[in-house]
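Below you'll find a set of structures to go through.
Common to both upcoming complexes is chain A, partnered first by chain B, then by chain C.
Let's turn to the complex of A and B:
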C-alpha cells in the first residue's frame, strides 16, 4: 500500500533541501518565541499567587479595575455613536464639505493620543484657556479631572478609529439594497433601522469593541487627566516604578484577558455573523437618496461640531507651541521649538523619527518574510508560527511593554535600557498588521507566477526578491507608512522601556504635560507632527502616484 | 534505446488526501517527440506534468531524466521550462524582462541575453514588442510571451499545461500549427497537457490517455483513434458505437464473432488474445459505416431506423435505433440535398471493425 508522503516529517525533509527557506523559518521561530511567547511565560510566572491575592484583597486595585471597565465602556459607546453618525453623514447624504470632514477625521492619526489629553488640559485644565475665562467672567470653577474629562478625551482620541471601522462597513453596503428597500416602500427611519443599521451592525459592534480594548489599556490620558480616578494601566506604571513586577504582571494579565476575548470574538463570531450581501453587478454612479433635507442639515451641523472639537485640539496646541506663554504672554516665539525639538540636549523628536523608521522597516520586512513562508512553504509548526505572529495584535501596548521589561530586565538577555528593546516593542505591535496585510495581498498573487520563476531556475530567495517583493510593493509601502505613523505616536507600548538617553517624543509630551510645562509639551507635539508629515511627504515624493498613502 | 529516452517514469504514485491521483504510472518519453497527455479534468495528467517539473513530490516511484534520478531535485534545478495555463507572466516586468528572467537568474552576460531574447521573441513572432507590459497585450500575445520565456532557456524539453485553453477557436488553430512547427524545427521534446482530443490528435507524435490516474493507452494518434484498447479510450476520443458480441472462432490474426439478434457471423482482424465464447466489445466509428450501400460485400450488416438527424455542413449525422433499443451514430458525407429516413441498412468493412476486451 502506497501512502501519501505528508505530515511533519516529510515537510521537514523538503524544507531541509531548501536552505534559504530554512533560514527564514528558523529565524522567524526563534524571534517570535523569544519576543512573543517567552515574555508571556515570564509574565505569567512573575505574577505568582501572593500577588494575585494582594490584587483581589486590596480595594484600590478592585477600584482601578472597576474604573477601567466603566470609563472604557463609556468612551467606547460615545466614540462609536459619534463615529457612526459622522460616517453616516459622509457616506449617506449629499451634504457639502465631505472631503473636508474626511481629512479632519484623519488628522488625529498624525498625533499621539496623549496630545488630545494635552489639548484638553490646555483648554479645560486648571490653568486652561476656557477654565480661566469661566473663572474670571462667571466665577465658575470648572473641574473635569477624573471620569468626565477622561470620558471626553478618550471619546475624541478614539473617535477616528470608530469612524474608520464603520466607514469601511458602510462603504461595503451596496446602494442597490437601500434602493430596493425604497422601491418596496421603506423610507426614513424605518429604512435606516431595517436595512442600513442592520447591515452595518457587525461593523458597529466591532468598532465598539476595538475602541473599548484600546481605552482599556491606554496609559497616557488616564494618567494626565484621571487624577484620583485611577485606572489599571496607571496602576501598572506605579508598580513598575515601585519595582513590583509581580503585581504589575497580575494587572497586565487582567488587561490582556478582555483584549484576547475581543480578538477571539472578531475571528470567530463576527466573521460568521456578518451578512454576505448577495447583489448583482454594482451599478456605477448610483446615489442613495435616503435622507430628508432636515436630516441632512442636522447631520451637517453635527459633523461641523465634531470637526471644531478636533481642530481646536490642534489649534490650541499650535498656539501654545508658538507663543511665549499662551494666555499670559501671547507674543510669538520659536524658542520652545528651539529648546525641545531642535536642540541636541532634547533629541526626543529625532529619537522618535529614527526608532520609528527602523522599527517600521523591520516590521514590514518581518511581516513579509512571515507572510511568505506561511503562505508558500510547508513546515511543521506552521500554525503555531502563524498564531504567535498574529497574537501581538491582540495584546495591548501597555502589556507588550510590561512583558518585555519583565522578561528582559535581567539574565543573559539584558536588553533593558537599550534602543533595541524600544524598536522591538514597536515592531511587535506593528508586525502583525503588516503580516496580515501582506498575507491578504499574497493570496491575490497567483501561485503559478512564483512557480514560473522557480521553473526558470530561481530559488526561493531569488523568487522573493525579483518577483514577490515588486508585486507586493504597494501593500508593503502602505504598511510601512501605517507602521511608521503608529510608531511615531505610540506611548503605552514604550513607556516602560524608555531611558533618559532614548526618550521619544510621545513620552516627552507626556512628561512635560505632567509637570505643567505646557508650552514645551505643545512644542514637542508640533515637532512630532512636523516630522511625521515631512517623512510622509518624502515617501510620497519617492513613490509618486504608485502608492496611495492617504485614502480619503 | 536508453540513449534516446529523455524521461523514464517508473511506478509513479501521487496521493492527495483521499485521492490516489496517479497510480503506478510507467512511461517512457523519447527525445525530440511531441507527447500529449490527454484526459478529462481530474485524470492525473496535470499532476504528472507538475511532478515532472518538480512542483509536486511524488509519493513513490522514480523519475529519471537523461539517465539521472531526479525525484529529489528541487524544481529550480530541473531545467524543465513550462508554459502555464494562465501564462503566469510577471506583471511588473516588460516582455523583454519576462523572457530574459531565466537567463538573468543564470547570470548570463548582457550581450548573450540580448541575443537570445531577441531570437526567442522572433521565433514566436513578437519582435518589436519588447518594451510592452503583459497587461498591454492580447491573450494570444501573452501566450506567445509565455512560450518565448520557456524557449529561451534552450532546454531540450518544454512542458505545456493546457496553454491554448484561454484562446478563441481560430487563434487556437493557428498556434497549434506554429507550436508543432517550432517543436520540429528545434527538435524539442514537448510534453503537452490537454483535455481537447482534437489538439492531441492534430499535433502529437504520441498520445498518452489518462483514466483516473492510470495510463489506459500510449500510442500514435492513429493507433489511439482507430485501435483504442479500452472502452474508455474509444469513448473519450471521437465518437464511436459499441456493441457487445461473442467470439465463436479464433484464428491467426482474426476472430469470428457472433452479433445481433439473428446471430450473424463476421470475421474481423484483431491482435487481441481471445478465447472462444468470450464476450468482447465491438467498436465502430460513425464515419466507417455505409448507409444503404449497393451490393455491399461487407462483413457486418445491420438494419436500423433513423430517429433524428443533425446537419453539420460537410456531413450529416444520423442518430439511429438498432436492435435492443440501442442508439448508434452514423455519419454520411457530402450528401447533397437528399438524405436518409425510415429504415436503413448499415454495412461496415471488416477492417473498420475494432474489438476491445471487456
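Let's turn to the complex of A and C:
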C-alpha cells in the first residue's frame, strides 16, 4: 500500500519536472472533460423526469424506437451477409476481376451515406428512372418508401463496412487449418461450415454489430426515404427543431444505450471468444481448394450484381449532375456545378474540405498526444483519461451532435454557431480511432529507444519529435486519411451544428434531395467526391509509396 | 538523405496549408474588403433556387455577397428564436407572415419600414415594420390528371377540403405536417377560423388515414404528385403552377375556405450585418425581385405594380377564404399545433 502511494507520488513529481509532458497531460484532461464528460452530464441533466414520462406515454416515440430496432437489425443482417459473401468470393475463390471488386467495395466510402439515399430516389423513387420504366412498360407501380427502401439503402451504404471488417478476419485465417481439414476429408460446404465460418464468426458478429449501431444512428436516409416510418434519429432532430432539448436528450440517451451495449459486447467477443490461429506465416506453395467451379460461377455472378448496384448509384448521380434535368432534358451542362460548387455564395464543398482537413489534423495530433502520454508517462487518473478518450467511439453521431448543441448553446461557453463546434464534433468521432491505432503502433515501438533518448538528455518534446514521430509516420498518415474521409462524409454528427456560414456538402446534398432539387444534390455530391479524391491524390503525391491509401 | 528532403517538403506543404486555411477563415469573416462588401447571411424559406436568383441580382447591384441556408418555415422560426442571444442570420426571406409574427412577439426582429413599402396594403404588412409582405399565395388541391384518370376515370375533382375525406383517396394524398410546416398550418388555421378548433382537429384526424405521407417541407407533396407518386398534393397554389409549367399534368383547385399565405420578409435583430439587411429589404420591395419571384414561383406580388405572371392565377378570382386572419393564425399556432401533435 505504502509503496504504491509512493509510486504515484513519485510519478507526479517526475511529471512536474517535465513541463512539456505536464502541459500535454493537463490539456488532454481539460479537453476531454470539457467536450466528452461535460456534454454527457448536461444531456443527462437536461432529460428531466417529465420528459422520460412523455417519452414512455406517447405512443409515437415507442413506435419510433421499435421501428429503429427492427430496421437496423434487418439492414445489419443483410449488409453482413452480403459483405461476407462478397469478401469470401474475393479471398477464397479463383474468380477473375478480384482487384476490380475490391476497388468497387471501397467506392461508397468516397460519398456520404446520404448519397445512397439520393441515388435510390433517383432510381427507385416513384419518379425514379427505373420505376418510370417499369410503369411505362409493365404498368407496375413500384413503392419502396418506408421500411423496404430504407432496408435496401442502408444495406448498400453499410455493406462496405461489413465487407472490410470481414475481409480483415478472413485474411487473418491461416490456410493451414483449412488445408489440414481438407486432408482429413472435409470438402465444400462442410469445410466452409466447420472451419472457415467458425474461425470467421467473431469477426462476422463484430461486423453485424458495427453496421447495426451505424444504422441505429443514421439520420439522412431515414429522413429521405423513411416516409411515414418514423425513426429515433429523425425524432430527435424534430425535437431539437421544436426547441425541446429535454425530449431530444431522452431519446439521445436511449440511442446511446444499445450503442454502449454493442461496444461492450464487441470488446468481449473480440478479446475472449475469438479463435486464434497461432501459426505464423501461411505455408507457401500449398493452396487451399475451397470452392468448386460451380460455386465460383455463382459467387462471381453475385459479386457482379453487387457491383452493378454500387456503380449504378454513382452513374445516376453523375448523370443528374451534368445534365439540365435528367429524364426531361438530357442536354449536357456545367451550370449546376457552377451554381452550387464553384460559386462564392455556395461554399459548401469548400467548407467541407477545410473543416474536414482541420478536424482530421487535430484528431490525429490529439490521438498521438493521448497515445504518447497514456502509453509512456505515469500520472494519476490515467485510466479515466483512457476511458474518456475511447468513449466517443461508442457514441452514435447523432448523439454527439445533440450533446454538443445542448451543452454549448447556453451557459458559460457559447460555441453554437461557430465553426469550432463542427470541427470538435468531427474530431470527437475520429480521435478515438486515431488514438487506438496509434496506441497499437506505440506498443510495437520498444520503450527502451525512447528511454535512451531521455537518458541522453532530451525532454519529452524532443523525444516525441525525433524518435516517436518518425517511427509512427505510416500509422499517422493512414489515420489522417481515414479521419479526413469520414469527416467529409459525415451528416448525422453535424446536422444540428450547421450555421448559414458553415453549410457543409453532406448537409447540402441532404437539403437539396429533400426539396426535390435533385440536380443540385447530385452536383454537390460530385463536387464532394472530386474534392475528396483530389485531396487523396495530393496526399499520395507527397508520401508516394510510404502510404497505402487504399489497402487493395 | 531522402528522409530529410521529404521532411522539408512536408514542412513547406504544411505551411502552405496553414496559410491557405487562415486566409480562408479571414475571407469568411470579411477581413478583406470593407464593410460594404461584407457578406449578408440569409435564412431562406423560399426554394433555394429562387432565393439565389434574387440574391445574385442584389449582389450584382450592390456588391454584397451572401450566405444562404434554406429551412422549412417551422425550423427557421425555431432557429432564429434559439439564436436570439447570438444571432447568426441577418435576413429572413419568405415563409408565411404568421411565422414572422411569432418572431416579432418573441422580440427577435428589427423594425424597419422601407420607403418602398408604402404601396403595400395594410393587412399585408406589420404596422410597426417588423415584417413586410412580399407575395400572396392560397392553399390549393393539386391533382395529377394522368394518375387521376387511371385511378378514378371521369370522377369529378374534389372541390372542398371535405371531399378529400373520401375513402377512395386512401394513400393518394400528400400534405406536409401541419405541426411543423407553414404550408399545411395555413390550411388548417383557416379551417379552424371557419369551423372552430375542435372541428378542425376532428377533420385532420379523419384526413390522416388518407395521407400517403406528411413531409416537413411544404412543396414536397406536389413534386411527388407530379412524379406520379400519388394523385393529390395539398400545397400552395404557386408551387403547383410552377410544377405544371415544367410540363407536368397538374390541375389546381383552390377549395372553399382555403387559407392563404402572405409571404413575408423580416430583418433579424442584432444580426452581423443589419445595414446590408436594410438594403436588401429596400431592394426586395422594388418591382424587379417581385417579378423575378412571381414569374418563377407563380404567386401574386403584394405590389400592384408587379404584373400577374404568365400562367399565374389572380388570387381575387379564386374561392379562397377572404376573411382569413393571419394574426389570429399566429396567435393560435402553438395551441393548434399541440392539439395536432396528439393525433396518431
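By our rule, the second predicted complex is superposed on the first by the 538 of 552 C-alpha atoms of A that agree within 3 Å, B and C clash if a C-alpha of one lies under 4 Å from a C-alpha of the other, contacts with A are read in each partner's own complex, and residues count from 1 in each chain.
Convention: a contact is a pair of C-beta atoms (placed from the backbone, for glycine too) under 8 Å apart; a residue touches a chain by one contact, two chains touch by 3 or more.
Remember, it's a predicted structure, so these values are computed and weren't measured experimentally.
A.B. asks: A:17 in the overlay: touching chain B, chain C, both, or neither? Say first, second, both or neither.
C.D. replies: First partner only.
A.B. asks: So, does A:365 touch the first partner chain B, the second partner chain C, both, or neither?
C.D. replies: In the superposed model, A:365 contacts neither chain B nor chain C.
A.B. asks: Between chain B (first) and chain C (second), which does A:319 come into contact with in this model arrangement: first, second, both, or neither?
C.D. replies: Touch status of A:319: no partner.
A.B. asks: Quick check on the superposed pair: does A:125 touch chain B, chain C, both, or neither? Answer first, second, both or neither.
C.D. replies: Touch status of A:125: second partner only.
A.B. asks: So, does A:414 touch the first partner chain B, the second partner chain C, both, or neither?
C.D. replies: A:414 sits against chain C, while chain B stays out of touch.
A.B. asks: When the two structures are overlaid on chain A, which partner does A:60 contact: first (chain B), second (chain C), both, or neither?
C.D. replies: second
A.B. asks: With both structures placed on chain A, which of the two partners, chain B or chain C, ends up touching more residues of chain A?
C.D. replies: Between chain B and chain C, C touches the greater number of residues in chain A.
A.B. asks: State whether A:453 touches chain B only (first), chain C only (second), both chains, or neither.
C.D. replies: Once the two structures are laid over each other on A, A:453 reaches chain B alone.
A.B. asks: A:85 in the overlay: touching chain B, chain C, both, or neither? Say first, second, both or neither.
C.D. replies: neither
A.B. asks: Both chain B and chain C touch chain A; at which residues?
C.D. replies: 470
A.B. asks: Across the complex, what residues on chain B touch chain A?
C.D. replies: Interface residues on chain B, with respect to chain A: 13, 15-17, 20, 53, 55, 57, 59-60, 72, 74-77, 79-82, 84-86, 88-92, 101-102, 104-106, 149, 153.
A.B. asks: Please name which positions on chain A make contact with chain B in the complex.
C.D. replies: 2-5, 10, 14, 17-18, 446, 448-449, 451-459, 462, 466-467, 470-471, 473
A.B. asks: Quick one: which bits of chain A touch chain C in the complex? Just the residue numbers, please.
C.D. replies: 59-60, 125-127, 135, 145, 227-228, 238, 241-243, 328, 339, 344-347, 350, 354, 357-358, 409-410, 414, 416-417, 419, 470, 498-501, 503, 511-512, 514-517, 520, 542
A.B. asks: Which residues of chain C touch chain A in their complex?
C.D. replies: For this pair, the touching residues of chain C are 3, 9-10, 13, 17, 21, 24-25, 28, 39, 41-43, 47-49, 52, 55-56, 59, 65-70, 74-75, 78, 81-83, 85-86, 88-89, 180, 212-217, 219-220, 223-224, 226-230, 246-247, 344.
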